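By letter and in written order, the chains are A, B, C, D, E and F; residue numbering begins at 1 in each of them.
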Amino acid sequence: MKKIEAIIRSEKLEELREALDKRGYIGMTVTEVKGRGKQKGVMLEWRVGEYRVEFLPKIKLEMVVEEKQLNEVVGVIEEVCSTGKIGDGKIFISNIEEVIRLRTRERGITAL
Amino acid sequence: MINSGDTAWVLISTALVILMTPAVGFFYGGMVRKKSILSTMMMCLATLFLISLQWVLIGYTLAFSPTKGGLIGGLQWLGLRGVGQLSNPDYAATIPALCFMMFQAAFAIVTPSLIVGAFVERIKFSAFLVFTGLWATFVYDPVAHWVWGVGGWLRALGALDFAGGTVVHVTAGFSALAIAMVIGKRIGYGKDNMEPGNIPLVVIGAVLLWFGWFGFNGGSALAANGLAVNAFVVTNTAAAAAATVWMILSWLHRRPSVLGVATGAVVGLVAITPASGFVDTMAAIVIGGLAAVISYYMIVLRMTLRIDESLDAFACHGMGGAWGAIATGIFASKVVNPAGADGLLLGNPGLLGTQVIAVAATAVFSFVVTYVLAVLVDLVVGLRVTSNEELVGLDISQHAETI
Amino acid sequence: MINSGDTAWVLISTALVILMTPAVGFFYGGMVRKKSILSTMMMCLATLFLISLQWVLIGYTLAFSPTKGGLIGGLQWLGLRGVGQLSNPDYAATIPALCFMMFQAAFAIVTPSLIVGAFVERIKFSAFLVFTGLWATFVYDPVAHWVWGVGGWLRALGALDFAGGTVVHVTAGFSALAIAMVIGKRIGYGKDNMEPGNIPLVVIGAVLLWFGWFGFNGGSALAANGLAVNAFVVTNTAAAAAATVWMILSWLHRRPSVLGVATGAVVGLVAITPASGFVDTMAAIVIGGLAAVISYYMIVLRMTLRIDESLDAFACHGMGGAWGAIATGIFASKVVNPAGADGLLLGNPGLLGTQVIAVAATAVFSFVVTYVLAVLVDLVVGLRVTSNEELVGLDISQHAETI
Amino acid sequence: MINSGDTAWVLISTALVILMTPAVGFFYGGMVRKKSILSTMMMCLATLFLISLQWVLIGYTLAFSPTKGGLIGGLQWLGLRGVGQLSNPDYAATIPALCFMMFQAAFAIVTPSLIVGAFVERIKFSAFLVFTGLWATFVYDPVAHWVWGVGGWLRALGALDFAGGTVVHVTAGFSALAIAMVIGKRIGYGKDNMEPGNIPLVVIGAVLLWFGWFGFNGGSALAANGLAVNAFVVTNTAAAAAATVWMILSWLHRRPSVLGVATGAVVGLVAITPASGFVDTMAAIVIGGLAAVISYYMIVLRMTLRIDESLDAFACHGMGGAWGAIATGIFASKVVNPAGADGLLLGNPGLLGTQVIAVAATAVFSFVVTYVLAVLVDLVVGLRVTSNEELVGLDISQHAETI
Amino acid sequence: MKKIEAIIRSEKLEELREALDKRGYIGMTVTEVKGRGKQKGVMLEWRVGEYRVEFLPKIKLEMVVEEKQLNEVVGVIEEVCSTGKIGDGKIFISNIEEVIRLRTRERGITAL
Amino acid sequence: MKKIEAIIRSEKLEELREALDKRGYIGMTVTEVKGRGKQKGVMLEWRVGEYRVEFLPKIKLEMVVEEKQLNEVVGVIEEVCSTGKIGDGKIFISNIEEVIRLRTRERGITAL
């Protein structure tokens, strides 16, 4: 199984969730994170003048999927989350050795 | 004779002004980093406790009991001896003397809380307490006596200060500058971003300040009469004008921010304070609008100079109060207040001169005495937490709490 | 003759009502998504600044100076010329004219802030400012003149509106509906969840509204007398009744929520507003209780129709105010207020007719003029932010700030 | 004769006291875990709704209408029949009877909200509503009659309770202990950490309580006179003294916390309540300072005994109120209030005895009746949510909401 | 070394921490996340009616352990966190190549 | 590619960000987490007395880097974040199989 970790723009989450929902991908975990990349930060207003915030709020979406689903899911994320502007985010893919569903104590792919 | 309407108004005004001290805590608390929000609120709360006690024990008598040479009151009313339910016509003929004492207490309390903005996120709590007790006694009480005490030398000179432009704002603002210079910058100042930790809390604070200021200025008429109403109206108007101008200035620069308009409003309130019993509504628009310009660019200057007077008590209160006191010399009118004086625009340049003297005297006195007190406290107690405590934040290091 | 007790009461009532405008900002701000909380609060603050100035410059004279044919005031009191510390017995014999002016200012300020609920999370800040300035001048000021100005046509007709059921709530509610229709739905409306960002902030807002409403209704007696007390008591009672009924309605449906009871309380306060100087406590229970039922089901209907009048100013203020004005026609009693009239239940159906006319006239006028103003502003300035700005949230896109 | 100044003062005091009930909600709400903040605020809001209605319908007549043998009022004023805009000289000669009714309403409302601290995070909302309705009727109303009703047996005995030390705080505190014993500990109590969910909200609550308390004690003079001023001054002083002492105590232990000083301030306010119309400022320092010591160590004891009276309504209100009532017997002075009595220090030990009787009677009565009511409600409705609902938190399980 | 990533019900955290504590497992990192799975979301009350929240608050607990400890820790988590009701959560297991203790700059198993 | 997951003291983040910045490491994602380790928790003040908070606020910093950069980045983190006192935190290193830059849909090392 593979873990897809996508750092995306916060405002894209709802649309992405729906797009994944439609193709039957329900299970996922999201975290509010702060990110920094090409888009180095943002200038915010202070009482007078502004200050740089070095980290921007982003959403980290984690999904563990079967290997054969990997491409489809990545495709959907690319579809929805690429705007072509700096700050779109990244996807990281890594290996997951085992999954356990706590409710049923099932293991492996059926536990997804 | 005690008048029930006047007493009702001054009592509720007093409650409003007391609310302002914690409101300063919210206003300032929301502007610092998340790790020192509680510490900032705590310092304002502690000011409320400490000076409530200091005032009834010693402060009131130093500020208002019969004068020692125009410089300070005596000890006649120590522990409120002789301050009772009858009126004292020297100060307010239609309300109990105890009521006047309490109204003044609220002013004595809120003033040191303004200085908290100068040293947030790095002062030792114990040092803060010592400093605040000393400051109230050696800066606030004398200046209050000079300007408002019967026989005080600035009062005798004819200086006008309806609700504390010099006594409250000039003293707090120039003192903030002095102690900020003594305590030094926060670690990372000018390098790390110092994100405001909770802007809604800033708004809650600003709103309660606006609300409380109706008591601050309106109550300073010490009666529920036309003068109180005038003070109330110009207070609201000046705040609105200053907030609007601040909004425009920051929009010209980039974006109108909530932090900006909240600050603007407070600056307008500060500036109208000394003038509120002497000027009319149209003058209030000018006073408030110009106050925003002055304080705005003073913050720009302060940042350019890289002085970490962290929450700009100097720019907002020091300069706002000074401008308001001087503006009183320009716009005052006996039509508004027959017991006042006419200002420059009505052909009396003398008043303006007196106002300038009052501002200069209180500014210099406050700056110098505060500087000395700060150095002393630093020597004896140590003003600053360790750098580790500062990095962890004052909430944990001074109070063992987190939001 | 100025009465100090009356002046004290109207002054503090004014402060309470001014506090309500930022309170609307908290109430609304907590109900929108986290990314637009500051923007929502900012719009209410900006209303306070803008209308404070508009009112002293032009609004007050348009609403209250000697009538032009019952439709609008003249320009006699432009810039408050002639509005001073003496009383104006046409409006309030025992308080300074400036005090009446300021009390009315607070109403003129809070009313447009109610409309903010219609277009949160998608309006351009500049467009909002322009709209609000126009709305105050072309909707609020005329209607205030009709109902409360000496010579206003609805006042002449005998319409009763103690504290603004028509002037404040019907105008704001129907205007909210109109501008919501012009600006259109939020992106994702009815599909994405639109989680309230900060429910404790909603509660703080609701609580300050309740608190402020004692000044709103109680102060409308313009004196500290039995009538003020009556208004105070029925205000509290109606709010309690409406909150209780709302709690029951939502419990029947599923769960009694904090958002629900906060809304219910506000609806009760709205409904009692026009009636508060004319009805007794038992009537207040009925008025408040039924108001909750009416507004509750109006929200259900509004949601069914998929109109994004986002925070239900129409259902709560429009319908609540209309019901309150009509209820005045039913429950009014000369025992409560000899200067008022008897209503339907005391055998006078005429008053009910007049009340219906007043509601209809203000509702239609507000809806139509607001619709036109909104279309105009949309053409000239553009009402709506870009979809990208909307998705990012107004806090960042309009104000470069985050909570 | 109605006096406008007195009416203005009692009206605004009433508004201040009504604000205290939601303020208790903020104070308590910020102290519980994040998952039950809304539920805690909701219970205080619901108290406001419910008792507002209970009081005008039945509570007021039970507490204040002509006595039945000194134990309870009759039903003469059911639904406020005959309570109107004229004054009732039995209670307050210079304000409308309706005004006195409403001021008392605010007390009847805030008292049960104090008990909420006893059972937060585990009570069923329905059970809470039933309990609160019963408690108001069977505990508060009788005790209010005993102490404040004309002909009430404790009043007849000469017991002094200026603003509710026994009626409000002793009843609430001892009742809190009783119901905490019936409902039992929270799951994980003494094992899991029970982190306060939002300390700034605690501060907002404490600050609004302090602010409201000026109306609570100051308004209890029922006039805007020297006595009201005295109550106002000693209230502020006692709060400051108690907060200072609490700060010192927790510093001696480890660190001065914001939670600590907020608690200390409230304890000082509680303790001065019964005494505020009878003692002077120097006595207030002693009363407040000792109150902090008493309540502080009572919390230590309570924790040692592992009783989950979760937010210490017993230690703060029960013990604080008892101490204040007894202190009245020690420090009361006819110089402050000629209509009062002299206390022990002025050579009258009799008053102290009477005060002890008043405390004992109200404490025992409150504890016993509450215990019985709690057991009854538990049998009929069930006091406690399921353990699953408790673990998930009351916000979701009782109100389907999250902060 | 293995990383155990468990998504659990928030209300189970305290109990789980204690159970692990008892067996000597102290080191762990927790994050407040929002999850979505079989239990698709929850209906919350609005002023009137309700709305669906698509993501539920969950706790993500991360523990890096030696391979031989893996089964014991997973067992404890299953023990404490299975209620048998939808929403119990999942455990994901993946490989960790290196651990460094910052305080001592130790590497490998001794750094755990 | 490797993922560096560092659990560090919150107060070290700004310094670390700057140190990394200087060497050209811009991309990173941070999460506010709560941790527990040798430093078992902290005592906080209650109204009276104190209570133990079992988890302490920490910062989790995630960086995906090329293998050859690994040592340099770890070195910088060690440099900045070791104070020698309990609670300094840990670094976990794991393998990342693929990276995608959403903006350009690039894959692999160039997407970092």
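Criterion: a residue touches a chain if its C-beta (ideal position, glycine included) is under 8 Å from a C-beta of that chain, and two chains touch if they have at least 3 such contacts.
Protein names from UniProt, one per chain: A, E, F = Transcriptional regulator.
These numbers were taken from a predicted model, which means no experiment stands behind them.
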Touching subunit D and also subunit F (Transcriptional regulator), the following chains: B, E
Contacts common to subunit E (Transcriptional regulator) and subunit F (Transcriptional regulator) (chain labels): A, D
Equivalent interface to D-F, taken from B-F, A-C or C-E so that over half of the residue contact pairs match: C-E
Averaged-CA centre spacing for the pair subunit E (Transcriptional regulator) and subunit D, given as whole angstrom: 44
For subunit B paired with subunit C, centre-to-centre distance based on mean C-alpha positions, whole Å: 34
Subunit A (Transcriptional regulator) and subunit E (Transcriptional regulator), separation of their C-alpha mean positions in angstrom: 19
Sites on subunit B at which at least two other chains make contact: 3-6, 8-9, 12, 193, 198, 204, 224, 254-255, 257, 259, 262, 399-402
Set of subunit F (Transcriptional regulator) residues in contact with two or more other chains: 14, 31, 43-45, 50, 54, 94-95
Pairwise chain contacts, counting only pairs that touch as defined: A-B, A-C, A-E, A-F, B-C, B-D, B-F, C-D, C-E, D-E, D-F, E-F
Contact footprint of subunit C on subunit E (Transcriptional regulator) as seen in their complex: 43-54
Residue ranges of subunit A (Transcriptional regulator) touching subunit F (Transcriptional regulator) (in the complex, touch as defined): 2, 6-8, 31-38, 40, 54-55, 58, 60, 74, 77-78, 81-95
Contacting residues of subunit C [partner subunit E (Transcriptional regulator), same complex]: 193-196, 250, 253-255, 257, 259-260, 262-263, 296, 299-300, 303, 312
Subunit B residues within the subunit F (Transcriptional regulator) interface of the complex: 35, 188, 191-193, 391-393, 396, 399-402
Residue ranges of subunit C in contact with subunit D within the complex: 3-6, 8-9, 12, 16, 198-200, 203-204, 207, 210-211, 214-215, 218, 223-230, 232-233, 236-237, 239-241, 243-244, 247, 254-259, 261-262, 265, 280-282, 285
